[in-house]
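Here's a structure for you.
Per-chain residue numbering starts at 1, and chain names A, B and C are given in the order in which the chains are listed.
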């Protein structure tokens, strides 16, 4: 039973990460590799806030504020670039965040990580966490789906297709991009907070560039811009190693093999889907 | 004390220049960010380790290491990236594809060798000797690396600026369309340049492994350093990239010397971000996209 | 059969068709001129011949008896086809000499011939410097030389006089004439400053809105009135 709860939790967390990344990157075509960084900042934000005695009401606010603030700073820098240079700059931000988490031992305890992370009583049990995680995922799914179908989503896709035209039409493009980016980052931070409470011990190795690539792989596999795609791809990719385990291929479920699988999925999908005329945003 | 800093900077510069030059060769003619280059760097060191534990001689292991690196880079270009190069948004597509390739190769190495840092030893401890100069200290590994890196860089400069291949590669890097009109076989030149760049990356990987050791994920930071050096150096020429490596090397050594070595990479990322903020024209992302056609 | 034979060529860029009825016939060792206003498709015609845009259809479209639409560019080049585009026609970061070496090596021919400086007097000053350091006129001359130096059978030139002054234009005209006489190179030249080159031309085509609407041969070109009225038809709406 615990095993199934675990799967449900992991699947929900990844689903939220994928959907939130898709909300910005999938819709605008600006592929960001900072997602694991925001996820990590949320986790560390909670761990540090809660461990230092902040109440369970205040801690999430502080953590999310930290994530949003970093996202804001990142957006100011990154939005000056486009296409592949945008990816490169988000890549360096991700490395920077990891370095800070890993090196700023005074605050983050560096590679040793943070133990005994306080949990909100409601979700301290596997069952409680599972219910909370799955419900969060569903709420976020509905919210992002509605946003996608609203004029907000239309604006994002307009920016993806012809940013200059959108500006000419008088749309506040920088503001739209920034807010979307912040929403995505905040959700990632929220996932981080849940993750920190689920595992009660975090260290920087959960929030590396490879993790960012994994989430990107999920939204590419699911189809950029599609909320359902992100959700389904995340769940499928989490389930796949587990299913393989049942069919007698052990060891695929663990860390490295799992990442390798995601990398392979990304390669295959990229090769299959890119016809001569597909823009990256319609992958 | 100043002497030690100078020596450290020189060492950093040469090693960074080697990695940066290797990436330049892969990136400039093709205009694609082969992120898998990060895997190419470490693959060579692990191939060497593998051969040594299998009992093979250091010379054979070295050749095998370079061959593996060259093969990974060239095959990725030929079999994978080239397939995407005729499509729209090819730059981003190749980048995303290369992320996948990196993930696969890096994890294979992690599974095969583990994530702990490993030193590459070609000669039973000969690299660990400490040599004391007048007012500085180097290891024999560093000395050997300086010689190899310096020679390789010199050779690269000759090839790039004085041979007909280099001339053709420079023409493809500047204007691929015109190069095709003139009669340059652009696909072949790009492949050769990628192969050469991958081989040099293989050399760099070995040298890094000799001196500080490697982990499967280490390639990524070196890749980013290469990009930083290239951007600082004006993103145009091989010489500029090497000059950028000089600045970056001094910066990293200075940080390690005066503050703490663990912050050297962090400062480098901040420099890249600052550069892209202050001088975004130095990067001309849009121009690159138009140039690719 | 003519060296270059084109009848009713249709071509363009993707879904945008630019040429609807282009005609050109160039004999060996002859100089043909194409004249027309902006948007007439003259540059596109050259690009179509050099396989730089999308071919749609043609009644006849051949170079040296090879079907241009069906023959790969490398093969056409080896058969003696060369092209100098109007813009970005030199490598700015390479020296003049390197630009020429590049043009030559790819054709499997040896290094820059020593007689070059006699044939094209200005070229001496250009060889040692990077193309980016040259003046506009010098760059044009370098680009032209890159086309000439491979001794093609047919050289396609797109606006070779663009940005040149009196002296520069005469130098180019003289160089073209010299290479025609000495090496039997045929030329197909797009140039809307046609007056300078009319004296050289064996044939002149006028294009308008993607169609070739006039053709004047040597005899007719001597008659200034004939030429003027034909040009008026081409340039005036």
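Here is the rule we use: a residue touches a chain if its C-beta (ideal position, glycine included) is under 8 Å from a C-beta of that chain, and two chains touch if they have at least 3 such contacts.
Quick caveat, the model's predicted, so the values are computed rather than measured.
Q: Among the remaining chains, which ones contact both chain A and chain B?
A: Touching chain A and chain B alike: no chains returned.
Q: Which chain has its C-alpha centre closest to the mean of all protein C-alpha atoms shown?
A: If we average C-alpha coordinates per chain, B lands closest to the whole-structure average.
Q: Farthest chain from chain A, going by the mean of C-alpha atoms per chain?
A: Following the centroid criterion, the farthest chain would be C.
Q: Please report how many Å separate the Cα centroid of chain A from that of chain B, as a whole number.
A: One centre to the other, that is 29 Å.
Q: If you average the CA atoms of chain A and of chain C, how many Å lie between those two points?
A: Here the centre of chain C sits 56 Å away from the centre of chain A.
Q: Using mean CA coordinates as chain centres, what's the chain B-chain C distance in Å?
A: Centres of chain B and chain C (C-alpha means) sit 43 Å apart.
Q: With touch defined as at the start, can you tell me which chain A residues reach chain B in the complex?
A: 29, 31, 77, 80-89, 91-93, 95-96, 99-100, 102-103, 208-210, 213-214, 216-217, 220, 256-257, 259-260, 262-267, 270-271, 274-281, 283
Q: Under the touch definition given earlier, write down the residues of chain B that touch chain C in their complex.
A: Touch residues, chain B against chain C: 164, 167-168, 170-171, 174-175, 177-185, 236-237.
Q: Given the complex with chain B, which residues does chain C contribute to the contact?
A: 50, 52, 73-74, 77, 83, 85, 88-94, 98, 101-103, 105-107, 146
Q: Considering only the defined contacts, which chain B positions touch chain A in the complex?
A: Per the stated touch rule, the residues are 33, 80, 83-84, 86-89, 91-93, 95-97, 99-104, 106-108, 110-111, 217, 220-221, 224, 227-228, 262-263, 265-266, 269-270, 272-273, 276-277, 280, 283, 285-286, 288-289.
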